[in-house]
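If you scroll down you'll find the structure; I have some questions about it.
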């Protein structure tokens, strides 16, 4: 019965303040983010790296259809963690904003500007009644004025800029790992390696090329590029992250 | 009284997050899907196969009126499981989208594009107040750029691509069966056989031509085609799936 | 007090899913259908038959005003069971749709098309907030392309096609009876007889001409025609269904 | 405290189904009808009779202002029972519909048509949220195609046609009385007498001219006509229904 | 705690029926009327009299600002009891209706017509959600076709016509007094006296000129006229209603 | 826990009647008024005086920013008590109304007219759903037709006219004081003194020039004029109301 | 369980009054402000100073992305405390208002005018249903008519003017500190020092240049100017506020 009466409390209305000044629906949305598999973002000297855990629920599922990395515009990528369908809404919103910017001003949208447009959109869903907050966090990375920029959006609608960060499950462990390993001045390729090392932390130190996704945008070409499975296999082999035995399917913890 | 107080909890408002970040209404909608009879989709080398359990509640009911397989466009079929009336809404939506695509761009809509248009529509019903989620899952299959594609939509609005999958009752058993039996490179006809074997798994190993539906779209003709009862009888006989005794009416588990 | 607290649970909002994936308001609407007197539909070789229990609450009530059989268009009839005022709304909706079809396409609406237009209308009331579902089931019968067709709509908005069916009180007993007695190839007149036999099952084997209504649409004239009391009396007498004693008023179970 | 918690249950939202398929708000609205003083309608051979109990709360209240009998159009009268203010809304609606019919088609509205327009209006208030049902029942009587017609509307929005009926308090006793005394072929004047006899049944067998209202519409003139106090006194005296002692004020049971 | 849980029940939504067919919000609004000081209306042979208890909460309050008597049009006055701010809304509504009538038809609005326009307005607030009923009762008096007319509106939206009535606190005692003392054929001046006698009944038999208000509309001039304090003092002295000692401030029972 | 369950009761919907005819939200809004510091209004022979307790929470707060006295138009001032942000809304509304009057009729708005426009606006917030009442009371004072007028608005939307009044904390003590000390025929300067004496009553008999505000509008110039700190110091010194010791900051009771 | 039932109380509707006249949602929003890191504002003789605690959650987070100080217009700065995403909405609103003023009147908006436009906007969210209050307080500082002005907005929508104030965590301690140390006639540079001393009070007496932000607007140039890290380091060193050991990351108390 306890479970029942607990649930009853949250089949209710809009986002409002608790006596200690918290927004429970926003905090619960953060829990939804934690239920998603991890994504990592790293700002390198000459580019940004987005990496994501893409393990499938079943070997019959197409890994390519597990949406964790998204191209928002030529020069902007987004990694997500949490409620997949919500992520899709925000990505669509981001793409429209990028498009509108190109049409209106004839130039690529700035990464910070794009991020804050997204977070303001998210905030509306935490204050106005009749809808729930978005259950997803995003890492927005890209090149702005020749500089790599890396941002986070959370379910409250707050934008943060990072040198390196992780979102989704095991967030706090992966952040500790990144704080320990990250150094300024990393090259994009070194950052790809660190990103994979970090994701492997929440996978018993092993990753498969199909179970992971990596995208980079470098200062040189300002183009969102996803690594192929072959490229990933090479890197994973170099870093000794490939599984030793044939247990490729991690079906305990997956995006819902 | 326990039943009463339990029910009270769900005669309430919109879809919002629980403290552990779950959307109960979406999860309950998934239960509605499980209450429906099973549907199966398989991607073959040269086409896609959709198959569905269509057992009738009564011998007086027209099997043809049990809507489990739907033609969405010439080159796209949809199999459903769950709340039938909800499925009809989504199929209508899919048909309109396919039509609009032909009118606007003069070409057939892509299977992935169509699927994601549907899932974005579904997602809206999980975030905005004043309506409940759709209590139905769909398998969307068809030919895109000469390749067979096979997608799933679930009540959260998440799209997944599969090689082979099942939705509806006994989902997890049928998935295990498919993971065991499915091999890449199957011909469409072999896939029809596997789909029937899989459905038979949740019917004590027996199927009647009237109690099952099968549709295929092949790379060759790119046309949604349903198998006739005669064709089905032949295949069922070959695979030894016809009932041995006259117990054709499975009236214990049916779509509502 | 138990009754009170039970009722409290249902004086609430919109139709949403229960933890086991059910829509309680739709299920309760099905109970409203069961509270109505029975209606029967039978598809004969050369026509369709609609029959309904029309017993009045009082001998002073005009039997003709008990609305159970409705002409929706020249070639379509509808029998209802459940909440009478709700039935009237759906019949009006059906008539408008039939009219619109004639105006727009210059031809009679198809029976299947009409039925599905009605069920899609019904479904909206189970998903969008601010209204309750329709507490009524309909049997829609008519001639389409020279063939008799017979459909059911239920409160969930699902369309089914039948050879013979009953809705309303004693549904499950009458269905058993029909499954037992129905044979393919019945003439319309034979089907009228079977329909009356079936209704008599829930009336202690007796029917009066005033307490029952019968309508047919045949392939020959494609016209909705109600049997007169005299015609009914003849048939009832032939089948030995007339009451032996003067207890014509069945006032225990009536439509509300 | 019990009273309190009972009341709490009904200070709630819209009309929805209970588990046994009932609409409580509609049933409670029927209780509101029973709280009103009785009205009676009788269809005679050559006209219809409407009669109503109009006892005043106080001798200082003008009997004429107790609205129980209403002229809806030249050829249509309405008697009401229940919530007076609600009755006024429906009467206004009826008058507008009658007017519109005259303007649009240049002829008097049919009694059945008018009644069903009213009941469809009533039904909306039982299905769409944001309002309560009408707490009133009406007897609609008039001449259509030279024939007297007599209908009832109830709070569910169901129309019934009657030979004779009563609504409001003591409904079931008065109906028994009418079923016992009513005969086909009554003249309008005989029907006036029967109507008064019936109303007297719920007044200890006594009526005063001021405490009762009678209106007739005959086939001959098709005009709504109310009986004067003098006319009523004569009839009451003839039927020995006048109070023997000076206890004219029935202040125990009145319309609220 | 009992007080708390009682209150909880009424911080809820719209006006709906209780199981015994009552509208609690309307009944509670009637209680709000009873909390107001009394007003009295009397129809005389040659005019109507409106009188009201206007005792102030404090000697510093201007008696003239205690709004109990209102001129609605030249020939119509209104006395109110209950929630003062609600009364103001209805008076404004009445004035607009009277104005509109003059503009549209070039003549003074009828008293009965005006009253029923007001009560229909009141009824809307008892049936449509999103608002509470009006917590006020009105006495509407004036001259129509050369005849004095006197009506009451109550929170349910029911209009009644009276020879003499009281609304507000002690209603039932004052009504008994009026039933006892009122005689047909009173002159307006005699009716003023009776009205004051009646109000004095709920003031220990004493009234001050400042604590009471009297308005008349006579058949002769058809003009709403308020009595001055001097005129009132004379009448009160004649009837021996002036307080014997200097206890003019009745601060126990006042309009809120 | 008691506090918790008490609070639960008031996190609910719109303003409706309690069983004893009270509007709790309006009464709670009156409590919000009592939580504000006191304001006093006095009508003198030749002008009106508004005075307000303006003690600051901190010596660093600008006394001028504590909004208790407001100029609504040249000839009208308003003093408020209660929820400051609500007061600002009503003052803005009052200013607009005054402006509109000047534009439309080319003349200054009457004090009574302005007050009633404000109270009608307030009433709407107590009857229509979707908003809470205003938690503020106002004293509206000014010159109309050469006469000083002084009104009160309360959260129910009732207007009262006064010779002298206080609103906010200690209302009832200050009213007793005013009833005792007020005499007709006071000059504006004498009224300023009485207003300060009255406010000092709720401040241990002491006031500082910064902790109090005084505004007057006289018949002579019809201009809202606030007293300077120097002027106030002189008056306070004359009346021996200045604090004897240096305890100027009354930080126990302040406007929130 | 206590936590559960407590939470239940606040998953409810709009802001309404409690029995003691309080607006709980506004008070809870004030708690949200207290959960934010501190901001300080000081009005100097020749300018205003805004300072904010900007400690990051992680060394990998960009300090510049922690939004506590905002330029609203050339001559206006805003410091915030509380819910960051809400602050962003109000800042955007403030910028638009400033822009509109320049476009409409061709001049810079006044500080007081801007503040009150913001607070009126905030008030709406505390009175109208369908949204929650803003969980943020702002310090608005700038130059108006050559004078430095410094205002606070709180979640109730009340504007206050200050000589010096703090908002956010440890508000009451920091206010005591400011009341003790602030003197009229401070230069802007002295005020910067006092602001840093004050912030250090809630950081164990230590601040890092990255963990703090300072902006000034002086009478001379009327331009919002943020101090660079180098400038801050110099001042912190002078005032002996730099951390003695390498414990720069204050990760216990951060903005969420």
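In this document, chain identifiers A, B, C, D, E, F and G correspond to the written order of the chains, with residue numbering beginning at 1 in each.
Just so we're on the same page, a residue touches a chain if its C-beta (ideal position, glycine included) is under 8 Å from a C-beta of that chain, and two chains touch if they have at least 3 such contacts.
Treat the numbers as computed from the prediction; the structure is a model and nothing was measured.
Two copies of one sequence, subunit E and subunit F, touch each other mainly through non-matching residues, since under half of the numbers at the interface are common to both.
Subunit B and subunit G have Cα centroids separated by 55 Å. Inter-chain centre distance (subunit B to subunit E, centres taken as mean C-alpha positions): 69 Å.
Residue positions of subunit B with contacts to 2 or more other chains are 6, 8, 10, 12-13, 24, 129-130.
With chains as nodes and touching pairs as edges, the resulting graph is a single ring in which every chain has exactly two contacts. Going from subunit A to subunit B and on round the loop of contacts, you meet the chains as A, B, C, D, E, F, G.
If you check the complex, the residues on subunit F that touch subunit E are 2, 5-6, 8-10, 12-25, 116, 119-120, 122-123, 126-130, 151, 156-165, 175, 178-179, 182. On the subunit A side of its complex with subunit B, the touching residues are 1, 4-8, 10-13, 24-25, 28-35, 58-62, 64-67, 82-86, 88-89, 92, 125, 129-135, 255-256.
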